[in-house]
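Here the structure is laid out as structure tokens; the discussion comes afterwards.
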Amino acid sequence: MSAVIKKPFYLCPPWNILFEFHKLERLTPWNINIAYLLRSFLEEMEKTGQVDFRASGVALDSSALIYLMKSKLLLKLEEPPSPPKPPKDFIPPPLYLPLRHELTSTTIKHLLEVLDDVLKTEKLFRPERLVSKPVLPTPSEILPQLDQYLMEIELQMEKLHAVLSQKVKGTGIIQFSTLVKGMERLEAIRTFILLLFLAQYSRVHLWQDENSEEIYIAIGEVSIAESERTAT
Amino acid sequence: MQKAKEQLLKLDENSKRKQAVEKTQKELALVEAALYVAGRPLDLKELCSVLKTRSKNKTRTLVRTLMKEYANRNTALELLELKDERYVLQLKAELTLHVKKLVKRPLLSMGPLKTLAYIAYRQPVSQKRVTEMRGHHSYGHIKQLKEMSLVIGERKGRSTLLRTTGYFADYFGLSHERSIMKRQLKKVFEKKIMSNEK
Amino acid sequence: MQKAKEQLLKLDENSKRKQAVEKTQKELALVEAALYVAGRPLDLKELCSVLKTRSKNKTRTLVRTLMKEYANRNTALELLELKDERYVLQLKAELTLHVKKLVKRPLLSMGPLKTLAYIAYRQPVSQKRVTEMRGHHSYGHIKQLKEMSLVIGERKGRSTLLRTTGYFADYFGLSHERSIMKRQLKKVFEKKIMSNEK
């Protein structure tokens, strides 16, 4: 029993086609992926350590031949075959999911709980923006009963004027922040609107410091240096 | 001969009547289907579109017939007419407590819910502001909230203003009027904070 | 005197009978309420807990009575019994298309629904095959279907085999047994194709 001589790897598929010329001519060149064959041939050679320059030469020669065959076919205007079509299969119609009403468990309580979290983050990350650009409540919130409020506006104006006069003892200047100290936000906004009305009737004078953004309210005949007025 | 003719006429009439009844049955089923899957109040316009009719009168008659049927059936569900001719199919309140434990799925997961809460509280609020506050994930949240009709966006110049929808108000039992809704939210919210601080 | 006694007895019996009927009505309403809010199949255990009874027999009788009532009413809804004595209340399939737009939950659009149908029909099927058959968009479909727990993928060597989940079977009221499910699906598809060709 002589030892079986082991065939070199390149005489096994898929590389064998590069070494069997008689087969090569019968094959359709489009079915041969030269790049793949050569790459894997080199990889295999490296892996097995069977470095054989003669075999490499033959492989290269065969590849060139296959390449030539492809080029000839193209010159004869034979188009390469289109990529294989997917197998035909029955495509069923869409499956509509049955519709079921389902009550969900989220309640307004959950909404408010997460709102709490979100607003905390808002305070944490954007304090400067919040101060400089407060989101004002809508007018209907400030003046919930508009008609009634308008009817009473003159009365309210008188009341505010009286309060102001009392605070400055007849004539004088008071800061807006002092006036609204301790007030609810909505109340402060209402007061501000009333001040605008009073200013329109020239019962008070308003101006704002550009740097501190403080609003000053002058009641009665107070002489104000023009230079101090940056805005009214 | 005359008699045969009369009989034929009668048969014809009967089959026409039968067809009309069947049609009404089908339309009633459509109204019921709409109210069932919506799970929220629907107005006549929405019901008309399901019925593919423009006649509000027809739709009103149908939904009121269905209301009567529900009332007669005396089941777990009730069909109610709300303000502004809106109709809702819902579980009778007295049964809620007994089946509450079966309700497990939340409307939204935590992330999108937070984004929704923020939009509701600050609305109308620019998409940019929401993203700044809630991070870049909120793009996905906003998309989901829009798909679920909880939020709508409105282009205003170069930015998009977000606000909540009527469906949002219905779901949480809030007013459709935005200023009232915000006041309601604020009120409940402040009450909650107060009670937490105690 | 004797007569009066008899009459009293009879009255008593009547009122007892009336009470029993009322009790059953109430229990039926509870079962209906449970199925309405759950929006998914409920098993006898869950229904027992809502009725606060341990008797599966009693619960089974009640839910089957309700099934019959629903079948007789001929409304938009149907109450079905699934495998393992699970029961579900849902909209009749033929009405889905008419009211789909009113659903606020994100539903699957046509593409993913087709991909789902294909996977269900051919399962277990390699992801590669699905993509060949349904185009490259189906990657997204598969992702969505997995997210909704309708489909799962299993690595097998270098390819992924796709199949539908138990949740899918429940959702469609199909058998969990794959071969039976496929037969059921085939029937559904044939029916749909027939009705489309008409």
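In order of appearance the chains are A, B and C, and numbering begins at 1 in each one.
Following the convention adopted for this analysis, a residue touches a chain if its C-beta (ideal position, glycine included) is under 8 Å from a C-beta of that chain, and two chains touch if they have at least 3 such contacts.
Computed from a predicted model, the values in this text were never measured in an experiment.
Asker: Which chain has its C-alpha centroid at the greatest distance from the C-alpha centroid of chain A?
Answerer: Chain centre farthest from chain A's centre: C.
Asker: Using CA atom means as chain centres, which chain is nearest the centre of all the protein shown?
Answerer: Taking the mean of all protein C-alpha atoms as reference, the closest chain is B.
Asker: Would you mind pulling out the distance in Å between where the CA atoms of chain A average out and where those of chain C do?
Answerer: 38
Asker: Averaging only over C-alpha atoms, locate the centres of chain B and chain C and give their separation in whole Å.
Answerer: The answer is 23 Å.
Asker: Between chain A and chain B, tell me the centre distance in angstrom, where each centre is the average of that chain's C-alpha atoms.
Answerer: Spacing between the chain centres: roughly 30 Å.
Asker: So which bits of chain C are touching at least two other chains?
Answerer: As it turns out, chain C has residues touching two or more other chains at 36-39, 91, 99-100, 103.
Asker: On chain A, where are the residues touching two or more other chains?
Answerer: If we look for residues of chain A contacting two or more partner chains, we find 99, 101-103.
Asker: Quick check on the complex: what are the chain B residues that touch chain C?
Answerer: So the residues of chain B touching chain C come out as 25, 29-30, 32-34, 36-40, 42, 46, 50, 73-77, 91-92, 95-96, 98-103, 105, 144, 147-150, 167.
Asker: Give every residue of chain B touching chain A within the complex, in rising order.
Answerer: Touch list, chain B to chain A: 36-37, 39, 91, 103-108, 110, 113-114, 116-118, 120-122, 125, 132-134, 172-174, 178-179, 182-183, 185, 188-189, 192-193.
Asker: Given the complex with chain B, which residues does chain A contribute to the contact?
Answerer: Chain A reaches chain B through residues 99, 101-119, 121-122, 125-126, 135, 137-138, 140-141.
Asker: Chain C touches which residues of chain A in the complex?
Answerer: Those residues of chain A that touch chain C are 86-87, 89-103.
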